[in-house]
Amino acid sequence: MTATSAPVFTGVVPPVATPLLPSGEIDHASLERLVDYLITAGVKGLFALGSTGETAYFTDAQRLEILATIKSAAAGRAPIIAGAIDLTSARTAALARQLVAAGADAVVTTTPLYTLNSVAEHAAHFRTIAAAIDAPLWAYDIPVRVHSKLSLDLLMELALDGTIHGVKDSSGDDVGFRRLLAANNAAGHPLQLLTGHEMVVDAMALAGADGVVPGLANVEAEGYVRLWDAAERGDWDAARTEQERINSIFDIVFQPKGLSGDATGVGAFKAAMHARGIIDHATMAAGVQSLDANAVEKIRGILAAHELLPAGVSA
Amino acid sequence: MTATSAPVFTGVVPPVATPLLPSGEIDHASLERLVDYLITAGVKGLFALGSTGETAYFTDAQRLEILATIKSAAAGRAPIIAGAIDLTSARTAALARQLVAAGADAVVTTTPLYTLNSVAEHAAHFRTIAAAIDAPLWAYDIPVRVHSKLSLDLLMELALDGTIHGVKDSSGDDVGFRRLLAANNAAGHPLQLLTGHEMVVDAMALAGADGVVPGLANVEAEGYVRLWDAAERGDWDAARTEQERINSIFDIVFQPKGLSGDATGVGAFKAAMHARGIIDHATMAAGVQSLDANAVEKIRGILAAHELLPAGVSA
Amino acid sequence: MTATSAPVFTGVVPPVATPLLPSGEIDHASLERLVDYLITAGVKGLFALGSTGETAYFTDAQRLEILATIKSAAAGRAPIIAGAIDLTSARTAALARQLVAAGADAVVTTTPLYTLNSVAEHAAHFRTIAAAIDAPLWAYDIPVRVHSKLSLDLLMELALDGTIHGVKDSSGDDVGFRRLLAANNAAGHPLQLLTGHEMVVDAMALAGADGVVPGLANVEAEGYVRLWDAAERGDWDAARTEQERINSIFDIVFQPKGLSGDATGVGAFKAAMHARGIIDHATMAAGVQSLDANAVEKIRGILAAHELLPAGVSA
Amino acid sequence: MTATSAPVFTGVVPPVATPLLPSGEIDHASLERLVDYLITAGVKGLFALGSTGETAYFTDAQRLEILATIKSAAAGRAPIIAGAIDLTSARTAALARQLVAAGADAVVTTTPLYTLNSVAEHAAHFRTIAAAIDAPLWAYDIPVRVHSKLSLDLLMELALDGTIHGVKDSSGDDVGFRRLLAANNAAGHPLQLLTGHEMVVDAMALAGADGVVPGLANVEAEGYVRLWDAAERGDWDAARTEQERINSIFDIVFQPKGLSGDATGVGAFKAAMHARGIIDHATMAAGVQSLDANAVEKIRGILAAHELLPAGVSA
């Protein structure tokens, strides 16, 4: 894949949630509505099949189904980068090929799961997958799920030899990300660098991030678009003010108590999307617990306080 | 699956390594020879598609190929428990069904990978998989790969409601395992409890383990069989003496330097199996680095010192 | 310090708890009674100022006070090894000198706290302290508190150059301890190796440990003495039976709910010691929460079931 | 301590390094020169006896010596907050009292070391120390050394009841710090919030931090003062440009190879301070390894490239 033809993923690139029917099947109608909502709000790209999309819980057939709907709903209005999450190189490469065939403009993947690998083996992993697909590969740095951190040296090595075209950073290591931004600039900006830390986008934009992958955009994308626009025009006070408003909405993820990380985060997003009418059901992926009524009520209250409930709907 | 009809996995149940051709394809001839070696040495069951079998690196099609060869080579002489390693419940259940259809007498699986789940979600995961297969399910406790530890309470809950029939413990928590042994005994021994810690089998047998899953048995199974027999007849001094001999052979895994955990452990086993003529090639799974000549030489030296090289072969 | 003159710490060497008055002051009368109880029960040495002794919570003046009472109560009937727990080398060496001056027959210490050190710096740390005292130094391997694990290579290096004379292993790494036992034997047994894992003493004795440091001996020392005697005469079935009885008593530490590690473990011991009349008050060190009445009641129930309450006292 | 009379620590508050003579004794002349350099450069406060000051390696007597020199050299030109680092409440409170008696305007401390405590016990720890001193107490959140993270809920509880007056955040958790900033603002700003992450000060200032504790200021304080001034006047582009210049100097800490965290970070600072003539010797605290000549040369090269070597001195 040559960098020249690579699609650009900058600005707000939300990780698209996966609406489900109460039966557990994919709710294609809601998914189409969600994609349309995001693009209308002004996002510049779509991240399909990421953690917020609950991709780990779906079979490959379901993943392709989800991607197909996102692709057709986007209708060319925004490029799509798709997550290829599986255990190891051969398995992931096979999946990545299917995703590209189904219309992904780029693929993003992590280091292997379950295995005990060295940095050299991690490098080989990314090279194997990049070689297997006719689309740009990105690296997904998410130690909380993968249990290893991608080092600055490895990322720049993979950037400079053309293996990867971008990084989605959910590492929680802001100092490391700052060093990556500097190294990438010094090397002529071979990588597009997106942060996954949606509560500090103003700060990451000031530091030089190319964009953000905010799960909360599934609930309210307009704020992130305004925030990014303010950052782009150098209006940092406006960016911060918008970030603080967003963070106040983000409090929805702190309402569920006693549930798992997956149930809490995606659960809060789905409850809020449902309350706003963006999706028809807040059903979670099979195996993930649902929010209780109390948490949902608190989430609705936060939305109401921000005037984010539809007209005529009360918290 | 009723417990009455469940196959028994006790004593020495080696995790069968996966011999590969230099091309990376499965070396069925070597695999058949390996299975025959293990059964002839007196092992009481076979653990197919575990970590030592490099299962994470194989596609589902390859996994079924591997299992089929183990099954046919075993020819009913030993029951087979097969690892079903995938991300989440639906994916793992589908794989587990395929494994049972291909002849696995039991299935063993871990908690989900990549996800952030609660204990309640872990319980649901095991229940979903157990309900999907017509064979006993075992739990695989291996925090070094899965990054969560199965609690005593969860295991006993799953034992008492019939979800799981055994545990393969590679948790590295000997105190926790001792408590599990006691709780299992107090509950009437619903679980078969195998340790994966092959350097302390004498101690685990004294503590009451039902068996062991020793990777090193791929290299020299006879020692583990003798060790277990000594333990069964209460000859603890003989058991310890045999364990100490085995541990001296186990030094092979400390010879490779600077490689990953997977390259080191399985790499040492494969190098030794190759040196002994049990398999034809020491090829590692795709993506895993190979031992250098120096490490292989040291491994051969250890084997020679224990008179484990074939007649006419020098270290 | 020459090894020839070194005191021997083998068999049962309990970590002496620190009884306190309700005012928080040291309860010397109870401490004397405790020491007498332990020695009468047959223990072969005393570990003063360890984790069970809550040493981290005491000032250096209090520590010396505690040691003085243990020393005078022991009256030469058992050697005393004292914990020197402080941040770094200079501070710890100064404390260690004071402990030796106050009668400690040996000193045991950990790697530094708070700092970020290399293995070479850890080695220098032990050498600095060993050089500062006229008594044998031991290494205390307790990663759960110190957050680093002492490696086999480091321990054997320090053993072979005479820096350390023993190891108290509370690492929770039974495979690592087994390798240490083997390396120590191969080197001519320069180290005395005690395990801190009181629930698996039978297994550790079979593996070759020189002794055990059981916190529960503060509650009931006779069982550990019987267990160790059985192991010494090679009666492993008797050793296991005694271990299982002890483990059933050890359930007292699983009764408190929702408290910290320090409050739970030492709290359960002190509650049981108080119930048995060994100490006058179950007061915890300042800053550590007390057990609630429910936990104390359950602990008394466990003691009663084992007939460990004084005559005329009911659970 | 009433908040009204509390000294203000905002803007650039460097953690003062501790210059040593080759003998290991404190180099008071260099320390005085360092303090004078910092204050002349425009810093607004001094953090004595922090991690950069290698405080863990010094005895209490040495700590008081260091503080006395900083106090007299500061001569009232900047308030001093002093680290009280010891194991537990009673020990730390005694030390904190001595620090206040020696002139500290405020004290900062961590959660206990070595112990296994609950959040409730952490709260009690801070309350015990606050009650023991007639000066404001701050909380030091540094999980990499203390191995526990101070939660938002605990910090705000301690803020609202007047126990703590500020937080020095070296947690590496920028999202958590952002939430703390928001909660503190919502509560009327009871806490002064300083970040220890010196590579992202522009971003932290944009987010609302009250100041920064930059170790690198020991090498070049003027840049941090300019950066903070730019941030205060809302010139975020200037702040970022200055941050990027500073980060390029900060590369000095990535030059040493194979050393510990303490040897590397403070070692690089001391080598650079020595090269610049701010201190007379780069001697490390006892027990910490020194940089090799190659690392020192690379550090001098970085300084030279930034024109930070004295006139007539070449890299």
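Each chain carries a letter (A, B, C and D) given by its place in the written order, and its residues are counted from 1.
Operating definition for what follows: a contact is a pair of C-beta atoms (placed from the backbone, for glycine too) under 8 Å apart; a residue touches a chain by one contact, two chains touch by 3 or more.
All figures in this text were calculated on a predicted structure; none of them were measured in a lab.
Student: Common contacts of chain A and chain C?
Tutor: Common neighbours, chain A/chain C: B, D.
Student: Fit chain B onto chain C over the CA trace and report the rotation angle, somewhere between 0 and 180 degrees, nearest 5.
Tutor: 180
Student: Using mean CA coordinates as chain centres, what's the gap between chain C and chain D in Å?
Tutor: 37
Student: Can you tell me which residues of chain A touch two or more of the remaining chains?
Tutor: none
Student: Make each chain a node and each touching pair an edge, then name the shape: line, ring, star, complete, other.
Tutor: Per interface graph, the chains form a ring.
Student: Would you pull the chain A residues touching chain D in the complex into a rising list?
Tutor: 172-175, 178-179, 182, 197, 199-200, 202-204, 206-208, 234, 236-237, 240, 244, 247-248
Student: Would you tell me which residues of chain A are touching chain B in their complex?
Tutor: Touching chain B: residues 56-59, 85-91, 94, 110, 112-118, 120-121, 124-125, 128, 144-147, 258-263, 285-289 of chain A.
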